[in-house]
Amino acid sequence: MTRLRAWLLAAALLALAIPFSPTPATAQGIPQNIPRKELLILENPEGTIKNAGWFNIWAINAGSQSNGLQQAALDTLWYIDPEKGLDGPWYNSLAADKPVYNADFTEMRVKLRRGLFWSDGVEFSSADVKATIDIQVKNANMRFSAVLANNVASVEAPDAETVIFKLKKPNSRFHTNFTVRWGAVWILPKHVFDKVEDPAKFDFNKPVTLGAYTLHSFDPDGKWYIWQLREDWQRTSLGSLGKPGPKYLAYVDPGPPDKRVIAQLNHELDVIHDIAPEGMFTLAKQDKGTRAWFKGFPYGHPDPTLPAVIFNTQNENLKNRDVRWALALMIDVKAVSMAAYRGAATISAIAVPPTGIHPEAYHKPMEAWLKDFEIDTGKSKVKPYDPTVGKQIAEMLRPSMGDQIPSDPAVIGNSFGLGWWKTNVAAAGELLTRAGFRKQGNQWMTPDGKPFVVRLMVEGDLRPVMTRAGTMIVQQWKQAGIDARIDVAQGTLVTRRAAGDFDSFIGWSVETWGGHQDLSYFMDSWHSQFVAEPGKPQPLRNWQRWTHPELDKIIEDIRKIDFDDPKGVELGRDYVKLMTREMPIIPLMAYNVFTAMDQTYWTGYPTSDDPYANPVTNWGNSRYMFVRLKPAN
Amino acid sequence: MNAYLAYFAKRLVQFVVVVFIGVNLAFVITHASPIDPVEQSIAAVTSFGSTAPEAIAAMRSSLQELYGLKGTVAEQYVTFWSRVLRGDFGPSLSAFPTPVSSLIGRALPWTAGLLIVSTLITWVLGNLLGGLAGYYQRNRTLKLMGVVAMGVHPIPYYIVALMLLIIFGFLWPVLPITGGSAMNLQQGWNWPFVSSVARHSILPALSLILIGLGSWFLGMRSLVSNIVTEDYVVYAETAGLDSRRVLGSYVMRNALAPQVTGLAMSLGGIFNGAVITEKVFGYPGVGTLLVDAVYAGDYGLVLGVTTVSIIAVSVGVLVIDLLYPLIDPRVELR
Amino acid sequence: MLAILRDLIRYNLEFRIGLFLVSIVVVMAALSVVSPYPAGDVYVVPPDLPPSTAHWLGTTSRGQDVFWQLTAAIRNTLFFGIMVAALSRVIALVVGLLAGYSGGWIDRVLMSINDTFIIIPLFPILILFYFVLRDSMSTPLLATIMACLGWAYDARLIRSVALSLKTREFTQTSIFSGMKTHEILAREHLPYVLPIVFSTTMNNMNWSIGIEVTLAVLGFTDINTPTIGGMIYWANQHTALVAGIWWWIAFPIGLVVMTFVGLFLLAVSMNEYIDPRSRLARMGGGR
Amino acid sequence: MSGAAEQAPVLQVRDLQAHFRTHYFGVNREVRAVDGVSFDVNRNEIYGLAGESSSGKTTLIKTIAGLLKPPLEMVGGSARFSFLPDWDAVGRAPPEVVRAIRWRHLSYIMQGSMNVLNPLRRIKHSFRDFAWRHLGGSKAEFDLRAAAHLERVKLDPSVLAAYPHELSGGMRQRVTIALATICKPEFIIADEPTTALDVVVQKDVLGMIRTIQQEMGSSVLFITHDMGVHAALTDRLGIMYAGRLVEDGETPEIFARPLHPYTRHLIGSLPRIGDTEQREGLEGTPPNLATPPPGCRFHPRCPLAMSVCTTTVPAMIETLSGHRVACHAVNPGMAA
């Protein structure tokens, strides 16, 4: 038996020794052979890439896009920043200037920059742009085939620096297809694709890049990609803005939120794309080097999207705007903000995201109109707008968060938002009554005598913060006497959203440029001509399947004016007023993304103090961050 | 010899039955899915861009063509079986146009490696310690192990994996908690990569081992404590055989046969554990692939992974069954 | 039966510990009836409070009291386990008794199916079911599916007992007295297999609860019903672990581990009581 | 070896006591399975032990052979083998000493011989396990020796390569006998070796045991409840009842003149040719040894029971030459 004991002891010691022997304990996830101070490690929110060796972004649904491919390797004509930009939000990237349309918007002329080269030494020219359109129009199975085929009659490249698009119909916003906010139609290398038989089945490995970086190495299991700064980085559009700081970029899959937090605490992940608010608070508390968009509360970077309760307006009960307004008045947005973001949300009462330049263009100018806005419930007249809700949330948080909460009202307005609808269950009841609903005990019944059931669809784990907001709203509706139910559609939400198989869901049908006041980004697709029959798939983005003659008029007016025409803002305000009266969606807040940036190895990240770019790692625009990053010490 | 032939024939028939039932189950279940892969792809393509509604309709129709979703269920069923037999499951919809089989082919070695190594360690160690505990019933260390085994064994894989993650990834962060190997290593038979793979597999393997150990330990202990009363053991002891020889060739050797059968019976359960463990530790195996495929609504991949797992586990069982006569010559008793 | 229980309590330490653990769990579940907060509601108490006299086990980031949330969760989890166990017992009994008693081709066919269910990895199949049912996957439906998958092991055990019963004299007597097959199985054989049924119930509950926890954590179950797995799911959603809200994860895990160990010890000690060989070994005291 | 040693008994059992001590479910139980047994086994003889099942025969030989496992304990007395002169019982010698004499000097043919061979080991491996260390030599030499020995029990050498399940019951029994005798031990304990065999095979096996014993000059302690076997095989015979020896002597003498009423019952219950009337059975059952009856343990069932029998244990007295008996009816007034 003594021998047995000795064996057991030896085995135990061996087992303990193995993990610590081969590599130092800190080296969990940082690459070997690359100096850490030359390397920026970013999260690729797409997770593990199943077909890691696929770089042909022009094929449908294949490979990764935000593994560095669209951030560091590809390029297109223009970029628009959701924030202020390095030198204004508009970038001429491959194009030398803004697009020039003819009078009836049926032709777009683009002048290209010269002196830009592909990573294999071939010079970029108008032929590449023409090939990008021609190849995708010819092969109908490619990512941008449909949109290009729909718009473009022909492309001409009269010389190396000029491209002329002849459009099939007037379109004053055609250039936006080549303008990166998150992504766009990327320009492909003609000299590579010319040799390819079927461009949809070509893996483009190793990619020939037009961006400042080339592929260094990648994991065949799809967990990481490493990109290296090109020797000739000056011959790229990004290089003209200065030398990018990091010599190497690693886009990695760091796992679920808690692992991301652990990785950044260990300084093995410089930029986290997004985490739960609690994870953000932990990082802010435990890691002095971590910086988020806002220095203090509410930290997160507001995306130019507008999470809202989106109603299926083809649903019999929800057709009536009184019912939709009643449901809005039952919501206490303070509690929703607490539940979803622990208060770290930027609320918005109107149907424009409270981000980028929108507060200046819409929210602040419309404050007066909102304060006067009145609804007639049939029994009483109510002014539902409470301009102090943002401040109330800040005050609610101050006891527990202390100094992290700003005290300057202007800062509060920017970070927490301005006002929202005051909870008014009584007025909501009056509205429901007018709509023919009756209250039986504590339960609202529909006009035909059935319990008023509202299912609120959420995406579960895939959008945790939205799921949390939905849970809270359902609880508030329940307390107000509605048979509300949460409906977790993890993985099925997109299918059901398109099919109209929902009563309501948390999501966004409003999504904008952020850095530009133009609203056509989402609004054009809201025209009644695109609304599908109940049960038929609805094209994006009018998920609420809502139509209104006034809306159609606004859309048609916008189509006729230029992208930068100041009239666009006025039309936008008309849209806001219409949306407020009709309430087809209940706007809640900006989609705050908790992008956490670790300043241990790199400094100079974009923040609310210096809002030159969007730090969110998967956006194509995030590349502008690279030229500002400097090694720490 | 006839007894062996009959035995092998029986095992083979059982193998075919298992694969047939399992694969059909997988086909039927997947084809009832409400997820429309076309909508899923369109959503993925258009989620961040502004695409005109007319373009979507065009895309929808070309995708249906591309994915080969036109055709009746019966036609798809026939195609499916011919594909299974050829080991080709068509293209993955969420990683189009990469074939499902190559995705599985990449993930399978990870899972197989993790599973085989940890199962062998678990089985050998659990049976060894359990055997000793059954034989030396008064030994305190072994008794304590029994208590620990009873405490750990019934806990589900997920909880153990989570506890290991908390301990070694957070409270005492000494081990990698995600991925199959470190970044920027050339995959192949080189020391940095192999040692990195070994380090990365410690926690996933440990959670599989901790759970499995208990069941083999307890099973073997009770088997051995019954076998020590068997006549041939008593007789060998009576003859003054060396106690190690008695323990090894008489007690353990005879307890082994049922434990080998047990191994075959529990392969499916062990595979379940691997799926969960892989997901917790972000390990690049078929378990992660399966869960991700479910999230992505990629039914070609889901079907492929499920079919391959069913076949792989059945083959594992068949192999053990075919090796069984080496361990116990009395096949006619089975 | 009572005498056996008394003996087990008096002389079997494992049974005593098991009973103790399971009692705690059952008491917790019973307490859910007097919970001051509705189990489904959030933000009813201040969030993120550590354990204190006001909130014994602290509060969650969703503003729920961990203790009271736990009572509802463990109740639902236990119900789920019992539901699966009850349903799968029925299948296992029918298949096991029928196969053991009938023999011949019925036995061969049934056991072939049975072995298939033992061999097939069930977790991917369950994930498949989730893949298909998605949003309509309710707790009772999940319980039914699990029961349909989780009977095979126990059916085999029951069959082996039934096989030995078949050769007993009383079975022959029953046949000669003209009893029908189902009568013989129900009246004569059932009592003999009941002890096995009881002990396998515990193990089956462990299995089903374990799977439920795992599925819930992966987000593959109905999150409207509070369960132990659901609690861990929500805690993960709020990164409770790294946020330092350890009580949100530690207590559910602690309680569910108590459940597992308790049920397992009950099963083991009952098994030992049923199996005379191991009882004899205990009497012998080993070496 | 000196002539005196030649004549000395190989085994001397004196006042041997062995009890089962259990503690389970809170109850202490002490079963006096062997209670004061004394007898000798001489060189080159077969000594039979007879008695009903649970009379303590098996416990007795386990104690003698030193196969003591809890709860069985040797409580008192001695069982001394001539080849182990320094220790008064095998069970009291140190393990290495015991290991050295086992099989070399003392071997054992066990009850339930169908299952005494390891089912997963070929016969030759069993032989090697059991005897190689005593006999030495190379593996090949040893295997040849085993094959030769198997021929003595009329088994083909090919049996060596077989697994037990491939052999018939009789063959297995013969293998067991070969296994127990290959080292030519001085003393063989055989516990019901033929019980499970059919009559023809049984006769065969018994003959074989006798032949081998005579060839090797060993002593055999042979246990069976079957008086017919004793009559055919053993040289001397001891009768056990409820953990005590009640009578012993030369086998023909005992069969000719059984003195103890229990012996008479055992012999009387043997069927004989020409039996016409139904034989009288013995009433009652053997006593519970946890609470044995006081005095003579046979008295509750004894047709000759007297009052002294209920209080006083009768002494074992050599009533006739070489024929001992413990009975108040035979030896009045002789208390133990």
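A, B, C and D are the chain letters, set down in written order, and residue numbers restart from 1 in every chain.
Note that a contact is a pair of C-beta atoms (placed from the backbone, for glycine too) under 8 Å apart; a residue touches a chain by one contact, two chains touch by 3 or more.
Computed from a prediction, not measured in an experiment: that's the story for all the values here.
**Student:** Pick out whichever of the two, A-B or A-C, is joined by more C-beta pairs in contact.
**Tutor:** A-B
**Student:** Pick the chain whose C-alpha centre of mass, unweighted, sits closest to the average of all protein C-alpha coordinates shown.
**Tutor:** Most central by this criterion: B.
**Student:** Taking each chain's centre as the mean of its CA atoms, how far is subunit A from subunit C in angstrom?
**Tutor:** Measuring from centre to centre gives 44 Å for this pair.
**Student:** Starting from the mean Cα coordinates of subunit C and subunit D, work out the distance between those two points in Å.
**Tutor:** From the centre of subunit C to the centre of subunit D is 52 Å.
**Student:** Compute the distance, rounded to whole Å, between the mean C-alpha positions of subunit A and subunit D.
**Tutor:** Centre-to-centre distance between subunit A and subunit D: 91 Å.
**Student:** Quick one: report the Å distance separating subunit A from subunit B, using the average Cα coordinate of each chain.
**Tutor:** 38
**Student:** Touching two or more other chains, which residues of subunit B qualify?
**Tutor:** Residues 34-35, 136, 170, 294 of subunit B each touch two or more of the other chains.
**Student:** Which positions in subunit A touch two or more other chains at once?
**Tutor:** In subunit A, the residues touching two or more other chains are 256, 258, 262, 490-492.
**Student:** Name, in rising order, each residue of subunit B that touches subunit A in their complex.
**Tutor:** The touching residues are 34-36, 39-46, 48-60, 62-63, 66, 92-98, 103, 106-107, 110, 132, 136, 139, 141, 169-170, 173-180, 182-185, 187, 192, 195-196, 198-199, 202, 282, 284, 288-289, 292, 294-297, 301.
**Student:** Applying the document's contact rule, which stretches of subunit B touch subunit C when the two form their complex?
**Tutor:** Subunit B residues touching subunit C: 13-14, 17-18, 21-22, 25-26, 29-30, 32-35, 135-138, 150-151, 153-159, 162-163, 166, 170, 218, 222, 225-226, 228-229, 264-265, 267-269, 271-272, 275-276, 279, 290-291, 294, 299, 302, 305-306, 309-310, 313-314, 317.
**Student:** Of all residues in subunit C, which touch subunit B in the complex?
**Tutor:** 14, 112-113, 115-116, 118-125, 127-132, 134, 153, 206, 209-211, 213-214, 217-218, 220, 232, 241-242, 249, 253, 256-257, 260-261, 263-265, 268, 277-278, 280-281, 284-287
**Student:** Once bound in the complex, which stretches of subunit D touch subunit B?
**Tutor:** These residues of subunit D touch subunit B: 65, 67, 98-103, 107-108, 110-112, 115-121, 125, 129-130, 163, 165.
**Student:** Residue numbers of subunit A touching subunit C in their complex, please.
**Tutor:** 256-258, 261-262, 265, 275-276, 278-279, 281-282, 335, 338-339, 342, 460-461, 464, 467-468, 471-472, 475, 485-492, 496
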